[in-house]
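Which chain is which? They are A, B and C, in the order written, and residues in each are numbered from 1.
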Amino acid sequence: MISDVAAQTVVNVLMLSSIYILVALGFALLLTVLGILNFAHAAIYMVGGYICYQLAVVVGINQWASLLISMIAVGLLGLFLERVFFRPFLKDMNRIVVVTLALIIILQATINVTVGSYIRRIPSFVPGVLRFSGVSVSGDRLATFVIGGVLLLAVILFIRKTKTGLQMLAISQDSDGAALQGIKTHRIFAVTTAIGCALAAVAGSLMGAILSLSPFMGDIMLVKAIEIVILAGIGSIGGVLIGGLILGALDATLPLFISGSATDLTGLCIIIILLLIRPQGLFGREV
Amino acid sequence: MKPRGIFAIVVCLFGALALLTQPCLAGEPKTLKVGGLFCLTGFGSSAETYIAQGAKLSEEWINEKGGLTIKGEKYKVELVMEDMKGTADGAVAAATKLVYDHKVKIVIGTVVPFMVQAAGSVLEPAKVLRLVLYNCGMPSEYGPQTPYMFLTYDSTIEGMRAALDYLKEAYPKVKNVAYIIPDDGSVPYLDKLFREKATSMGYEVATVGKWAMTTQDFSPIITKVLASKPEAIAFANGWPQATGSMLKIIRDMGFKGPVFGCNYDDAYQIMEIAGKEASTDFFIHQIDLDSPDMTPMIKEIKKRAEAKYGKAYGMHIWGFNPLYELKQVIEAAQSTDSTVLKDTWGKMKTIDTVYGPGRMGGLKTYGINHTVCAPCPIVALMAGKVKWVKWVDVYSP
Amino acid sequence: MLLRVKDLSVYYGKAMALENVSLEVAQGAVVTIIGANGAGKSTILKVLSGLWPSTSGEVYFDNKKIEGMEPYEIVSLGLVHIPEGRRLFPYLNVLENLKLGASLRKDKEGIKQDLEGVFTHFPILRDRRKQKAGSLSGGEQMMLAIARGLMSKPRLLLMDEPTLGLAPVMVVELVSVIQAINKTGVSVLLVEQNVFLALQVAHRGYVLEVGKVILEGNIDQFRDSDLVKRAYLGE
């Protein structure tokens, strides 16, 4: 019985971490490459879920196609946001904070007015439940883990192995230095924003199938993304994976031992203790 | 005869004079401003938007029926809504605006406990009559210290009592029950009341699980609850996202027994979240708008909601109820003064609700008899279908 | 003239950084700008490479007006800036840094050849090619910065204080490196505080003081100039 709980918990950790990492990775990319704190990132995650829902349920096209289209559409939304909302304010932290906070309200209100706040869920991507020796895993959770894993691998390979990826890293380390090498920084900013937003859209769609959609689903996710990036250490993309796993593990195991609101508190305390030991985050660069 | 005739003439003259000097008053009714506190955005807005729509329908209904008549004068009701934005700060700001900007003396609305309390901190000292929709069982929300607050319909405690009664009837073999509560501060009280009622009915309490309000994924808490091997699982409170998600996870993890909610919620939304496959052997308090078993008033509200909003929801009915009760109280008191209204309502033994005849109670349970107990509906989800069960009579002494 | 700057002024708000600066770099020449800290030397280079906007004035590179262009457009013309403090990518290895220098180039064969050329010039970089740039010594970092600049196929190399933080031995080596680069036909505009170095490699020079050119001429004239002697050579 104990082992059932343990096995179930492992599944829970992996699923939750995948979602966290998909969202936090985009947030971290924008922070390190563009140098902006995009508070609207989790609202973009919400929009991705709604686009997938509208396509799959209201329009009625194939669900996997809806996921793909949502990913592309939100990627394009990212291009638009970068050009119109981020680029004019890149060097101005105060304005970027105001702009991205305003963006949250714009996106939430748009969904609230157009789609409405009636609760929605995207139908299962992988219906049914798999059972192995006492442990039940819903198909959606497994799919989330697999899709999350594949996308993360793809993004990491993209960053490590392609010219564009190398240029992203260069900009994140020294943006003026990168510009002087002839790197088209705005092109890289646009690509980065598109990738980050597309990842968030996938997370939003998967979460919409596992749990539900609400215009305000991003509010808590934003806090999680910020926690992960701080835990990882600003500037560390690999650290986001570990940070996401840690936060996912805390959120999925603490409720077994501590109940109610104390779980949040305990999770935050653990994060604070980790930061006291390593103020620059787990993988942050020491300045 | 003579003095009487003169008297009659004088009265007629005065009457005519009054009519002539104040022609507007006789022609146009006065307006009674009633505040409405709802979350139109943010936390809770997915349900409260529809509750607010229901309240709007009740305002229109009263005015269409000729408004309120107080001491021969006609009053139109004007509902002034403020958005609490899903936060305690928002609730305080919205309540303050209603009391000090709009000068209202009566407020309907507030569902979620922390917002009920936050709004109360402004409304109670200002002696504003409060018609609250829901209560999660915390003395700080509702009790002797809130003399201006009335609970307009069955809440979690009444719901829990009705649900356990129905569990016994529908699933007589169940011996132990697990209880899942959101950690909103009500845990110690609900835990105690649930244990009392369950034990008195011969149930064992398998475990009491509490989840943080910020929970993203309910799997961990369900994993823990299922490890206690319950035969039935009850949700104390929740909203469709939470209840639907938990139901789905419970079924995904292979639990086959009955699952039920003790609160008033929308089974259709829950099924939309949980999915058809998981939606079985589940019941919760909700009306079935399509059942012939509905009261005439519910049928009327359904028609109005469909005409105005395209589709009718259970939340519309719930939001309609407070003004429906307020109309009776105002007409009984023949006053719009909040203190007079409070005293009159406190003395009433019965009041009509849209759900059927209600009784006033709660003195023993809450320490104040401002609780409207009315028939509690039960709807089941069976094999992916919403099925109307019945009305359960429930009373909190 | 390869580079022609005419009446260039730069203001930060109301503060003047440069005022009516005019200078020229001929094809194949090494030109130096000397001046004290804060004289505006780095500002000139940043405006030339498109990092900072100018307030007024004109800049022609190869008879093409370049001010207002994006940095990458300027790099593509062959005007390459090795900035002050080198600005390497410290968490990327030497090879990756060099490849980034060739960001705009599409000729794979040419890049490969230039990489070989750079490695023959600076053999230490070949040995360290898998090492993170941040872990190199100051001299090695300087070489990497120059090598990275060469990977962009420059026609004019802007060098901002290359001697900063270098050991004296390395400064001597830098002279021969610059001369070698110049021999391959690349013109150099060198900003320096180390006037000894500047006088050794340059053909022409400008002295900048508080945003204005106060002296210009051939380097021989500089060696005899009282002003240069007094202000910068401590004689």
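FYI, contacts are C-beta pairs under 8 Å (C-beta built on N, C-alpha and C of every residue); 3 or more make two chains touch, one makes a residue touch a chain.
This is a predicted model, so every value here is computed, not measured.
Contact topology of the protein chains: linear, an open path with no closing contact. Distance from the centre of chain C peaks at B, each centre being the average of the chain's Cα atoms. If each chain is reduced to the centroid of its CA atoms, chain B and chain C end up 75 Å from each other.
With centres set at the average Cα position, the gap from chain A to chain C is 42 Å. Computed centre separation for the pair chain A/chain B is 37 angstrom, with centres defined by C-alpha atoms.
Residue positions of chain A in touch with at least two other chains are not found. If you check the complex, the residues on chain A that touch chain B are 1, 4-5, 8-9, 11-12, 15-16, 19, 108-109, 112, 116-121, 123-124, 127, 129, 131, 136-138, 141, 210-212, 214-216, 219-221, 224, 251-256, 259-264. Chain A contributes residues 163, 166-167, 169-170, 173-174, 176-186, 285 to its touches with chain C in the complex.
Within the complex, the chain B residues that touch chain A are 41-43, 45-46, 49-50, 86, 183, 187, 209-221, 223-224, 227, 240-241, 244-245, 248-249, 252-254, 269, 272-273, 275, 277.
Per the touch definition, chain C reaches chain A in the complex via residues 49-51, 70-72, 75-76, 80-83, 87-92, 96, 99-101, 103-104, 148, 152.
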